[in-house]
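As written, the chain order gives the labels A, B and C, with residue 1 at the start of each chain.
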Amino acid sequence: MSLFSFLGTLEIGLIFGLVAMGVYLTFRVLDFPDLTVDGSFTLGAAVAATLIVSGVNAYPATFAGCLAGAAAGVVTAWLNLRFNILHLLASILTMTALYTINLRVMGKPNLALITDPTVLTPFEGLGLANIYLKPIFVGVWVIVVGVLFALFLKTQYGLAMRAVGANKRMAQANGIVVKEKVYVGLALSNGLVALAGALFAQTNGFADSTMGIGTIVVGLAAVIVGETLLSSRKMLMIIFSCIVGSILYRLAMGFALNADFLGFNASDLNLITALLVGLALVLPQLRKEWKAKQAAIKANGGDA
Amino acid sequence: MIRCEQLKVTFNPGLPSEKKALRGIDLEIPQGEFVTVIGSNGAGKSTLLNAVAGDIPASGGRILFGDKDVTKTPATGRTKEVARVFQDPLAGTCASMTIEENMALAYGRGSRGKLSFALNDKLRKIFREQLSRLNLGLENRLDAEMGLLSGGQRQSVSLLMSALQPSSILLLDEHTAALDPKTAALIMDISAQIIAGKQLTVMMVTHSMRQALDFGSRTLMLHEGKIVFDLAGEDRSNYEISDLLELFAKARGSDEALDDDKLLLGS
Amino acid sequence: MKFSTFAKAAALAAGVICANVQAEQTYIATTAIVEHPALDSVRAGIKDTLMENGYTDENLKFTFESAQGSPVTAAQIARKMVGNSPDLIIAIATPSAQAAVSASEDIPVIFSVVTDPLGAKLVSNLEKPGSNVTGLSDMLPLAQQLELLQEIMPNLKTLGVPYNPGEPNAVSSVEALKIIAKEKGIKIIEAPASKTSDVALASQKLIGSADAIYCPIDNTIISALEAVVKTGIDGQIPVFAADTDSVARGAIAALGFNYYDLGKQTGELVLRVLNGEKAGDIPVKFAKGTDLAINPKMAARMGIEIPASVTERATQIIE
């Protein structure tokens, strides 16, 4: 893999690190399976791109994209809390509706941003080549957001949110208003994912109505890979592992793309990615079993 | 203090599965009194506690804390006054979070400190002090996952958690029922310590006739959603378990045999 | 644990780098948003044009990646392609082209099968694109196609159009179609289908409300063309297409492009750049299509007969 390819993969991996954080918040912290992200990723991109193309400055446009994503999260939470619709189904409803809403927002299925100013524009032409500027810029954003997110989860409010997902009854017995935490949690999660979408559109030059399909799968894979390889109780480490998991997933896909020398076809991409990610998940387990076996042999040898 | 006026709780009203769990409870518990609540299964003991806590809405009647009518207040609104310990050690704590995190949560009960950090060294010191009272060595394991602790250890921590923030009412719902006798005794000891120290109004549901008479100063017996008798003061201190059983049978009508093994064996 | 993962990664990377070191070769990296017959024909046409002009497996490295329908994957592919420093990049379909143009600074990009290159911001000027991008647009000769339909079905009043509202090419075509159809007195009924599994249902809804069905150039519809054909047979509604490959698969007639031919036209652009012309100096090419393909047997199964005037002109008759 060449340096440029690696940097490109790193950049996309970092952006999806935000998605992984959002998915971590809903799936793990709140115990609320949320498929809205397939729609809110695109919504963030659509809103930001539409505003940028109509002349709005890229920064407020990106922020607007986040707010739109947060609103989508609130809708899912509302469907679940007000009407008792199963969380998974509520999120599917929102995701499905968003598909049309995104088309309406953009006015057409594909909106190009190649020549428009983006959040990167103030930093371009300062001497750093784009291939380095993009990943560094994205990296800084993602790390700052990640640190803030980790700190948030360590506050009383964040702890309360974690309790809601861990033991609702106990949370209520301790004065925590469950509904409020769910609304805020889903808004925050989808806001993060929408931010990722807005960043992606600006660093890759387009917002496309189909770009969000499969986001939940990528997010989950990143969270799980991160958890498996870097398990920790410390909040900062957990958030870091989400980002690392996302990067590793993209790297796996990057290697799959380069695998033609092994005799694979272009259409084998998904299978190879799955195999690589599966390997990442299985290796620690195998290692654990091997270690246990070694320990058992030692113990028996010692007795004899 | 707690006052219930004609408190009624009906589950599934109007449906074939309708159950009148509480049929008009009139009760006044002065501040600082420790009341034990007994009764056979289905009598409504837990329902009464849940109604006082606000987990279950009242279908009729009123509940008051002192002068404040809390009948319509949801559970989260009553947590300034009410602390609870559940029967199931898992129900009262978050198994996936650490001891210090659980305690920090309980510490925040009644006041949600919003965006300040939930844990800091000052708090950890307070938690350690509290935990050392248990003599279980838990003060050195603040960052241990709650799920790794035994039932007794969890219940001990739950007890401490209930006392971290001032409350006027403590509800204990068979909180030693899932523990072995030795641990149960330890927990009751600690409970008594905490209650004495804080002048709490306590309602303790128990299946053990022994506990019902040994602890507190008043005993209520519930049967089919009503209070069938209310023992306090001199009368109560002279009561033996056998007397209690007789009274029980009388109140229920002698044609109903006592088939509740736990009640008999709880000595 | 972490170390072993990275060690594995390093070993794989070393292998890849070794495999990529080759002798003097022209290296062309191609990609498409998805694989289906029309887009595959374009690629075949490009490769054959190169083969016919002196490029062989010896002196040409021709790689292909499919984005499996995902624009995000297309972006990653674009980065990878640029990172491998090919002499030229060929990107087929709008999202793949956009990702390639966005990622590439110096490497020439030739796009193909993009209906609206200006709208997709691939070029700022159709005559002289300027930077390092040019390519082939497959904007349809819609007026001619509608005239063909009217020739085969003089009483045509309503035309059902299945398409994917999420595909930029299709949406621009349908918009343009509605305008031209109005001038000709034909009413367009839209039948949206956002994925291939929705196509059957979308086309079935047209039974009873449309006199005929017209399938635009739409990757989703083309991938599921057989479903539309089945609807045409079951509901006795004639099905027409906008690309000639679809006629072999069951559409009654199409005036349009032969996608293999489009590939050859794209190949010519590729040759010009390989021979030294700057991509930005070459005007965007608009595909020529004069192929008329007909399928008389299918026409009969759908309940109509193709008039002799059309049969005479046909360049391709499917048996």
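Miscellaneous remarks
Just so it is clear, contacts are C-beta pairs under 8 Å (C-beta built on N, C-alpha and C of every residue); 3 or more make two chains touch, one makes a residue touch a chain.
Fair warning: this is a prediction, and the values are worked out from it, not measured in the lab.
Looking at A-C alongside A-B, one finds more C-beta pairs in contact between the chains of A-C. Every chain gets a centre from its CA atoms, and the centre nearest the mean of all protein CA atoms is that of A. One simple way to say how far apart two chains are is to compare their mean CA positions; for subunit B and subunit C this gives 71 Å.
Centre-to-centre separation of subunit A and subunit C, using mean CA positions: 32 Å. Work out the mean CA point of subunit A and of subunit B, and you get 43 Å between them.
By the touch criterion given at the top, residues 53, 55, 75-76, 79-80, 84, 86, 90-98, 101, 104-106, 108-119, 143, 145 of subunit B touch subunit A in their complex. Contact residues on subunit A toward subunit B in their complex (touch as defined above): 152, 154-160, 162-163, 166-167, 169-178, 233.
Across the interface of their complex, subunit A is touched by residues 1-2, 4-5, 9, 12-13, 15-17, 19-20, 35, 63-66, 68-73, 75-80, 82-85, 94-95, 98-99, 101-103, 105, 119-122, 124, 165-168, 171-172, 194 of subunit C. Of all the residues in subunit A, the ones that touch subunit C in their complex are 1-9, 11-12, 99, 103, 108-110, 112-115, 130, 200, 203-206, 208-211, 213-214, 218, 229-230, 248, 250-251, 253-255, 257-258, 260-261, 266-267, 269-270, 280, 283-284, 287.
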